[in-house]
Structure formats: C-alpha cells, structure tokens
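Each of the next two complexes has chain A plus one other chain: chain B in the first, chain C in the second.
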Partner chain A sequence: MSTFTGKLARVVLVVLASAGVYLVATHQHGQRESIRKAEVTLTPGCADKLRRYGLASGERYQSPYVLHKTGARITARGYSDEDVRAIQRGCNIIDDTQGRLAGDVGHERWNTTRFIRGTQLSCDHCHQSIGDKQDARGNPLKGSLSLGASWAMADMYDRFTGLLLPFELRQMQCYINSSNGYKPNISDDLIRDVTAYSRFLSVALDYKIGNHHDEQGVDEIPASATPKQGDDYVRGEALYKQKCARCHGPQAFGTEADGRVVAPALAGPNSWNAQSRNYFYYVSTILPGFICRNMPPGQENTLPNQECRDIAYYISNLPRPAGDRQGPVVALSHQVMMKVLPPLLRLTAADRSGGVPVERESGRDR
Partner chain B sequence: MRAPALAGEFRKHWPELNRNLVVGLTLALVTLPQAVAFSVTLAGVPPHFGIYAAIWGVLFCSLLNPSRVFHGGPNTAMSATIGVTLLPTSPPFGAEYMGLALTLGLMAGMIQLLFYVVRPLGRMLDLISEPVINGMICGIGLFLIFRSLTTFGGLPLNTEVEWPLWIAWQSFLAVLEIGNLHAIEVGLITLITCVVVQQFDRLRNWAILSGIVAGTLYSHYLNVRLGAENTLIEQIGNLSSIGFVFPSLPTFSQEAMPDLVAILPGALTLALLGLFQTVAAMRRMNRKAGGFTDSRKAIFSDAVSNCLLPFLSSLPTCASFNRMWLVHKLGTHSRVAIASSALWLLLLVLFLANLIAVIPMPAMAGIIMLLGANMINWEDIKPHFQSRPEAMVFTASFLSVLLLDLFEAVLVGAALAIAYSKWEQAHPGISLRGNVLKIRGNLYYGSLPVIEATYHSAIARGGDVVLDFSECFYIDQEGIRWLAAVKAGQKAAFVDRRRGGQRRVVERDGAGRRTEESRRETQRRRKQDRRRRSDF
Partner chain C sequence: MNPSASPDGDAPAETKPGRHAGWTRMKTPAAVGAIAAFVLWAHLGSGVPAFHAGVSPEPGWKQFNADYGIDYFGDDGQFVRAVQNGYNLVFYTYKYAPRFTRRKAGDSANSCSSCHTAEDLAYAFVNSDRFDPKLGMRVSFEDRVRRCYAGAMDGFAPTIYDPAVRDIRLLARAVAHHLQLGEGAIRKAG
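Let's look at the complex of A and B:
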C-alpha cells in the first residue's frame, strides 16, 4: 500500500510539475505576444531617425534618403504593422540598450540588461548614431560599424574561426564579449528585432546584399600602417590623459550625468572583456581602427594612426573583466584586480599631483 | 534428435535473452540521439562519427571489457574536448578537420595504451574516491538536464563555451518565454509517459521506449493536424546514408605536423578524461552491481578501442555514466545486453532509418533529462553527509562539475580526497594519561610535529614518559630516527601491548635493540596478522 502511495505521489508530482511548467510557459508566451502587438514608444533619437527614413507600414517603401541623395525613386516591398513595430523596437534596443529611457526595461527592451553584466554599455557606443553614423552632409563615415552595411554582408566568414557567421550569431558575439555579458538565444525577439532594424537601414540607405561598403565594420589599423615606431604604453597613457580622460574619466571607468551615460567605460567592470576583439592583446588592429575613425566625437579622423595604436595599447592594459572562456577562477582574479587596483591608483595619483589627477597632463613631462 | 534439444535449450534461455534484447534496444534508442547530438553540436563532425562510436565503440568495449555493466560509446566531455581542441586548427565539418579529429582520437588511444603498459600510471587513476565519483555523477546528472533544456523547448543550442549554471538558467527562461510550445508538449508527454510506465514493475524496461513512442505519436498527430511547417518540431532526421562500415585514415602528413604537435596537449586531456571517467564509472557501477573488475582491464579495453575506432570514422569511446546507470536501473547485468545494443543500433540505422527519422528531438531531450534526474540518487549521497570531510569532498566535486568542467572536477576532487587522507594521517590520536603517551595512527614525517609537541609538554611536566605504540601501524625512517633520539635522551620508555592489553615488550635500555625473544614474538605476530588479513 505504501509503495502504491509512493508511486502515486511520484506520478502526481511529475504531472503537477509538468503542468506548472506548461502553464508558466503559456503565460509568458502570451505576455510576449501582447508586447509584440503593443504600440512602441520610440526614444527621441529613434523617432527622429525613423521619421527621416520614412518608416511607415504600407505596400511599398521608398527611401527619402536615397531620393534626396541620388534623385532615384527606388521602391522596395513595404512593411506590415508588425514589421514596423519590430523595426522600432530594434532601433530602441540599439539606442537605449540599458533601457534608461524605457518605462519597463524587461518588456520594452526584451530583457537586454539580463545579457549585459555592466550598467553602462549600449550598442550605440560602438555602432554610433544608432548604428548609422553620417557626416554633416549625410554621407556614411568610413569604419563606423554601420549596422545597415553590416546586414548587407549578412553571412560572413569569420576570419578567426573560419565559421560562416550569420548576422544573428554576430550579434550574439557582441553580447558575450563587447558587452561582457551572456548570449541570448538565437531565436529571441531581442536578436530578431535588431536584425529587422539593421535590414531596414540597409534598404533605407540602398545597400545591396553582398556588397562591401567602407562604413561596414572597423577600418583596421595594423602596425604596418604606422611609421613603425612600435606601440608605446607610456605614449598611450599621455595621449589618453590629454585627449580622452575628460569624457571617459581619469581611470577610463566612464562618466555619467543625470542618469545618462556621457561616455562609456573603457576599463573596469562596465567595460568589454578580455575575450573581446576590442581587446588589444587579442586583436591589435580593431580598437586602433575604431579610435581613429570614431573618436573623439565630432573630430573623427584627426588622430594619426600611431597615436590610435598607442591609446589602444594603453587602454587594454587597464583592468577589465575576464572573458567567458577564461573560467571562473580567472574571472574572480580580474574582479579582485578591478576592485582593488583603482582605489590604490587613485590614492597614489592624488599623492603625486596634490589631489587632482584629471587635469594633470603628465604626458608632456615625459 | 539435436534440434529439439537445441529448441529446449533456447526455450530455457529465452526469457533472459529476451530481457537482454529489450534492454539492448532501449540502450540503442537512448544512445542514438546522444551520438547525433555529441558529434554535431560538440565535436563539430558529421553525425555518423557519433553513431559509429555508439556501434563499434560499444561493441569493442563489450568484447574487451569483462565488466557486466560497462557501456562505452560517445561521451559529452570527450566530444566537447575534441571541438575545443580542433577549433583553432581548421573549420569544423571540413575534410581537414575530420582527419585531425581522427588523429586526435588515435593519439588519445595511444596515450591510453601507455597508461596500460606503465602500471603505476594506471594505478594513479584509482586515487579517485567514492565521494568524488558520486559528486561527479550528480553533477553530470544535473548537467544533462540543463544541457537538454533548449532541445526540450525546441530552441537552438547555445554552443559557445560559457558558464554552465548561468546558461542553464538563461535556457530555462528562454524555454518559458520563446520556446516552441508544441515541442514542450511533446517533451512533457514523453516525460510523463515514462514516469507512469516506470511505476509498473513488469513494464519498467519498456518505460523509455514507450515514452519515445508516445512522444513520436503525439508529434506525428500535431504534424498531421497543423502541418510540419507550423509545428516546427525538430526530428532526428534522415540517417539513411549511413552504411555498415565506413573505413577512414587519420591524418599523418608532413603538412599537418604543426597542427598535430599543437593538438598534442588536447590529446592528453582527451585520454585522461576518458580514462578517469571509465575507471570512476566502472568502480562505482561494478560495486553497485555487486561485482568487481580490475581497472587495468578497462584501461586496456578503452585504449585498444580508441586505437581502432579512428580507422572506422568514429569518435573516441569511454564509459558513459548515464547509460551505465540505465543498464543498472533496468536490472540487467549482462554483456549480451550491451553488445546487443550496438547490434540493435546497427540494424536500426541500416534498415529503419526512415522510422528513426521521425522521432522528435524534444522527446529525446525529455528522456535524457529523466536519465539525468535518475542519476541523482539520495540513497547514494546520504552516507557522504555523515562525515564532514567526505561531505566536503562530495560537494567540491559536485560543484566543480557545474562551475568548472569534468576534467577539472576530477582533479579538484582527487586533490581534496588525497589532502583529506594525508590530513587524517598527519593527526594521529594522541592521549596523555598519567605519564603514558598513547599514539593511535602513523608515526611519520607529517605526524611527528604533532606527537613531538605533546611529548615535549609531557617531559616539561617532569618525570619519565611511556610511549605506547599499541595502535601505531606505520613508522617511517624519520620516525625511527626520532625514536632513537628520544631513547638516547633516557627519559622515555617504549611500550607495545598489541595482544589483549598485556604489556609485552618493555625496553628501558639499549635504544632500538631487541632481545632474541621479542624478535621471535614479533615474527609470530606478523604471521598471525597476515593470516587474519587474508581472511578478509
């Protein structure tokens, strides 16, 4: 009898647990579905950008940008209401990844913060101007990591692993390394909406699939593109203090004001990790390329190649989180470094300069 | 005349044979999805690599390994190691990559052969204690559940190497939020059917099979009613291209030499990982089944199989905790059942590939989750929590499987177990009653400081001290030198009363010198001890 009760209890337990899981799953699915159908509140940046590109549902789509630039009336297949909402949500995610402008982060941004360890990083920090950086005349900028141009080269062979990486997998890599976080599932709305937005950009800017554009990816700067003085940490430190520290902070931990990120962290717990391709020791050409073509904002392309490499070299020597492949032990040691070193450095820097480390232009003395 | 006799013989053995065949079929069906999943998602090679490992690897092991519960075949950790080792060399699924994968397996097999030939190396593998193994089993059980979550929810697998616990949680949330509801239904139906059928003792062996059948029927029903393009339930897929044997040659060309050198550490890891799992699983499961098999035989069978398998387009083999657990759970301890699982699988892929093709992956994931849950057995774990050091070793090895990886878990567990036993030895029980200092345990370099401390405090109190060795089992050279020095100090007397509390040998003078009588006495006692030990 007791064994019968035990068996019955086991079966009932399993059935109840299964039913519970199924009920929760249906509820969550329903919630997702309702968000997919809900009106999207755009961030100011996205509202402006999507209005300029004339995003609206309809049978046909004609890009105002292309019309203005070339005078050609190119019509493409239009977007349904559902598509428009996905594009809008994608734009919001790029512009405001941390959901600081959202009423409900979990719902409006598909839980992006769950996949990013830090509290500052946003897609917009690398893919500037919401993934579509242009000069004053509206020309896309070389090496500006344009999302539209990136979509046009949607499935790329990764030059490190030799794998054919679809656009979705490339996004997932961003989450693991560049934002020092975790990979969302490939079929998550988070990935799908950003893909929809990137695809829309490529249509709005008339990028043809498979074409390489200068604004796609980073314009990499190898050592061979410099006068070959060798990369110098000390020079890099001086340059950083001179040109970057004002916005990114003396220790490159980023600066915030009024709840908005003024400049993101380049080091410390909020930064990219040591497995990222932004990390100079991993790939030495990408971060210099990014700095030269995108920094400082408003004065792009003003830094010489060697200076970009020096700054990148310096930045990569600052403490930062371990990558996901380095395991918990290394990660722990990095965390300790990030916690212990900065206060110590602050202390010693304050001693040397009499209290104000930021304004000190130590580079000139050296 | 002969035919009826044979028929009678057959009738006599038929019930057992029948049971073995059913168990074999179940094993084959459980191995199949694992073989496909391990080769494609972990090792980065086509599915036939895993399937041939599940056929030839299992068959070789069942022929070479005398254990009645040993089930070889493809293995999670080994497949993952292949993927991680070869990723920097060439793109997965390419010809070059597959060649290197075979070479890696062969190298691992040869390293394992070394472990067989050099005895002490093989003996080192025995230094993994039971709490370590049980911790690993529980960890792997949980890991299997986590790993199957995405397939259970009809989602693509997250293949990047990441921290498993976090990924498990993310996968669970993803299943709830964006999982394919039809896939979840199929998985749950499989799971519930299995658990219900398991409760009937007579049908227990058929539980997994009936679960798979129920899941497959339900998914078929959904596909017919809603259309496969709407349900999107993943199925095992077409395996009809797989033949009887697929001979292959590992890469050993001059151009590949740099790559071969580069993957050598990977080969060592692969070899050790396989052997550790084999030895640990054998010991645990044999003990559970009430048998014993020398671990050297398992090392030999693994090594030889792994040297042969690369020539048959197969992944390397080692013991599989979960399938051995299944063999034990199904209550059949027989090599016939194990060998028949390989033959069943061969028959299945040769003749029933079309039928296998429609088995839904969520059903398979449900089965693997159930296996994982069965591996965590409170009855086995409970004894480890009765002593604190054992509990610590168990917990450490359990957590390291989840936080680190399998190989590191073995190392952490073994190191802890060794440290614990050394710690125990270094702290012998010392009691000081009156002027008698009694030592229970070993007298060696590690424990000397502890003994010395008590000895000197006793001396400091004044008077002579009697050192009682009655329960001292081992004295090393350093211990002997110390005793000689103590004796020379003329302040201590030595006592050994091993027999019934009678004081036998009291030596006050002549440090370390024995009388002829006492030597004879000692010899006699040793002989008796040996006889007593042999009784066990």
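Let's look at the complex of A and C:
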C-alpha cells in the first residue's frame, strides 16, 4: 500500500510540476502578447526620427527623406499597426537599450538588461544617431555603422566568423561581445523588433538589397594607411587625455550625469569585452576606423589615421572583461585589474588634486 | 582489477596466443582502413549531396546564374554556393530536402518551384517580417519557408538555422539584388 501511495505521490508531483511550468509559460506568453499590442512610448530621439521618416500605418509607404533628397516618389508596401509598433519598439531598443528612459524596462524593452552585463552600453553608442548617422545636410556618414545599410548587406560572408552571417546572428554577437553579455534567442522579440526597425530604415533611405553603401559597417584603418610610425601606447595615452578623457573619463570608465550616460565606458566592467571586434588585439583596424569616422561627436573625420590607431591601441591596453576565448586566467587577471586599478588611480588623483577624488574633475585637470 | 594482469602486477599475462593475438594486432589498422574506405566512398562514390563540399550542378543552374547575375557575388564563393544550393532546394526539393518533404520525384507538385518562381521568392523576401492577420502574428521569411515544408510540401519544418531554410533565403536575396528591390517593393501587375 505504502509503495503504491509513494508512486502515486511521485506521479502527482510530476503532473503538478508540469502544470506549473505550463501555467507560467502561458502567463509569460500572454504577457508578451499584451506588450506587442500595447501603445509604444517613444524616446525623444525615436519620436523625432520616425516622424521625419513618416512612419505611420497604411497601405502604402513613401519616404519623405527620399522625396526631399531626390524628388522621387518611391512607393513601398505600407505597415500595419502591429508592424509600426514593432518598428517603434526596435527604435527604442537601439536608442535606449538599458531602458533608462523607460518606465518599465521589462515591458518596454523586452528585458534587454538580461542580455547585457554592464550598466552603460547601448546600441546607440556604436550605431550612433539611432543607427542612422547623417551630416547637417542629411547625408549618411561613411563608416557610421548604419543599421539600414547593414540589413541591405546582411547574409554576406563574414571574414571573422567564416559564416554567411544573418542579421539576427550579428545582433546576437553584439550582445555577447560588444555588450559583454548573453545572446537572446534568434526569435526573441528583442531581435525581431530591431530587425523591423533596421528594415524600416532601409526603405526610408532607399537602400536596395545587396548594394554596398559607404555608411555600412566601419571604414577600417589598417597600419598601411598610416605613415608607418607604428602604433604607440605613449602617444595614444597623451592623445586620449587630450581629446577623449573629458567625456569618457580619465580611466575610460565612462561618465554619467543625472542618471544618463554622457559618454560610454571604453574600458572596465561596463565596456565591450576582449572578444569584440572593437578590441585592437583581435581586429586592429575596426576601432581606429570607428574613432576616425565617428569621434569626437560633431568633429568627425578630423583626426589623422595615425592618431586614431594610437588612441585605439592605448584604449585596448586598458583592463576590460575577457571574452569567451581568453580563458579563465586572463579573465581573472582582467577582473583583478578592473577591481584594483580604479581605487588606486583615484587615490593618486586625489593626492595630486588636494584630496578631491572626483573622477571626472581629475580628467579635466589633466 | 584487470583479469589479464599477472599476479605480481609486472606485465599482462599472454593467455591466448595465436589467432587472438593476431586479431588484436590487426584491429587498429582494420578500423583505420574501414574509416578511410568510408570517407573515400562518401566523397567519391556515394553521390550523397551531404558528403560533398561543392554543390551538385542541376539542370538549369547555368541559365539561372546568367539570368539573375549570380556571378556578381563571385565565381565560387560561399554565398554563391549557398545560392546554388538554394536553387537545388527550390527546383528539386524532393531530391535536396528529403528530410523535410514526403513528396517524391513522381509526384505532381514536388518542389517549391511548382508554386513559386524565383522572383516570387525575392518579392516575398523583401515583404517579409510583416503582420499576417490570418495567423495573428508577424511572420518572417524563414517562418514562411518552414510552413511551406510542413504544409504544402507535406513534410516537416526544419529549424530556422537549417541550410534548407537559409539557402532559400539567400537565393531570394540574390534575386532581389538582381532586380534591385528594396524593402517592401511592390510587384508591378503584368
């Protein structure tokens, strides 16, 4: 009898556990569905951008940007209300990945912070102007990591992975390496909404499938594009203090004010990891290219190639999280460096500035 | 405890010399030989597409390549090979995706091309990721392909990563490039 009771109890337990999992899954599924149907509160940047590009539901879509630039009326298939909301959510995710402007990160940003270890990084830090950087006359900027142009050129051979890299997998790599985090599922709304937004950008700017545009990716700067002085840590440090530390902080740990990220971390726990393509020792041409074409904001394309390579070399020698290929010893050494260095540097800065250990102020003083 | 070891543990005892020892000596070379023979057969003699690095050229590929300018992407790059595999999947589905369809060579509608042209796929690709009122959800191109395998092709849905899905997308992308389609392009009537 007792054996039978025991077996019955085990069966009931398994059934109850399964029912519990089913109920939780159903609840989560319903919650996601309600988020998809909910009105989207746009960030100020997204509200402005999507208004300029004329996003609205309807049978047909005509890009005001293309009309203004070329005078051509190109008619494309319009968007349903559901599609518009997906594009809006995707834009919000790019502009405010950490959900600092959101009332509820979980609901409004699909829990993006689950996939990012740091507290600063946002897609918009690399894909500037919400993935669509333009000059004052509205021309897309070369090497500005345009999301629309990336979508048009997705699925091509990627020399770093050796894959025909789909747009969704590229996003997953961004979460793992550039955001030093974890990859979402390929079918996650987080990924799909960003794809929807990128596809909308590509129609708004009239990119054709498979055509290369200068604004796609980074305009890489190899050593051969410099006067061959070699990449210099000391020159890089001096240049960093002169041109970058004001915004990014003396230790490149980023700066924040009023709860907003003024400039993101370039080193330390909030930065990209050592498996990111931004890491000089992994790919030595991308970070210099990014710096030359995108930095400092408002003065793009003013730094010479050599200076960009020197700054990138210096930045990449600062401690940062290890990537998935570095192994536990390197990971540990970087963690120790990130824990030990900041207080030491603050201490020395405090000594020099008469006991005022404020990171940003010390950066300005130098 | 090893039963063949000698009591004092110095060396294994030779219990059955002769035929058994000969087989023991031959076991490793025989295994290596069998593996080598299988590899050679798989690559050279089997004719099974999964064992080829290259893509088997099917009738019509050269014309398709010329019509849609696939050479724009290179002579023999990874992308072009994937597009060629996509061509095989679309026009000879029963042969190249037998895991995902029950249709056989003798059936009337046994490939994607029975219903879709390559240009249909290109337009479908640039109009994908849209809300489908019938399904009540936003549907990607890959979702559509998987549904076709399971429904129209009377088979099973591959995973989203499977080359049986990916290479059809790449074929659609290559054709869309040739037609210079952008996102949401509308097909002109006639």
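Heads up, the rule we're going with is that the second predicted complex is superposed on the first by the 337 of 366 C-alpha atoms of A that agree within 3 Å, B and C clash if a C-alpha of one lies under 4 Å from a C-alpha of the other, contacts with A are read in each partner's own complex, and residues count from 1 in each chain.
We take it that a residue touches a chain if its C-beta (ideal position, glycine included) is under 8 Å from a C-beta of that chain, and two chains touch if they have at least 3 such contacts.
Owing to the predicted nature of the structure, the values given are computational and were not obtained by experimental measurement.
Colleague: Identify the partner contact of A:Ala38: answer first if only chain B is touched, second if only chain C is, both if each is, neither if none is.
Modeller: neither
Colleague: So, does A:Ser202 touch the first partner chain B, the second partner chain C, both, or neither?
Modeller: Second partner only, chain C.
Colleague: Touch check for A:Leu67: first (chain B), second (chain C), both, or neither?
Modeller: neither
Colleague: State whether A:Met156 touches chain B only (first), chain C only (second), both chains, or neither.
Modeller: second
Colleague: Per the contact definition in the header, classify A:Thr75: touching chain B only (first), chain C only (second), both, or neither.
Modeller: second
Colleague: Under the stated touch criterion, which partner chain does A:Ser187 make contact with: chain B (first), chain C (second), both, or neither?
Modeller: In the superposition, A:Ser187 contacts both chain B and chain C.
Colleague: On chain A, what residues does chain B touch that chain C touches as well?
Modeller: 186-187
Colleague: Could you please specify the touching residues of chain B with respect to chain A in the complex?
Modeller: Of all residues in chain B, those touching chain A are 87, 90-92, 150, 155-156, 158, 160-163, 166-167, 170-171, 173-179, 181, 184-185, 188, 191-192, 195-196, 199, 403-404.
Colleague: Across the complex, what residues on chain C touch chain A?
Modeller: Against chain A, chain C makes touches at 72-73, 77-79, 82, 125-127, 129-131, 133, 138, 140, 160-161, 166, 169-170, 173-174, 176-177, 180-186.
Colleague: Provide the residue numbers of chain A that touch chain C in the complex, in ascending order.
Modeller: Per the touch definition, chain A meets chain C at residues 60-61, 74-83, 86, 151-152, 155-157, 164, 166, 186-187, 192, 195-196, 199-200, 202-203, 206-211.
Colleague: What residues on chain A touch chain B, complex-wise?
Modeller: The touching residues are 7, 10-11, 14-15, 18, 21-22, 24-26, 28-29, 32, 114, 161-163, 172, 176, 182-189, 324-325, 327-328.
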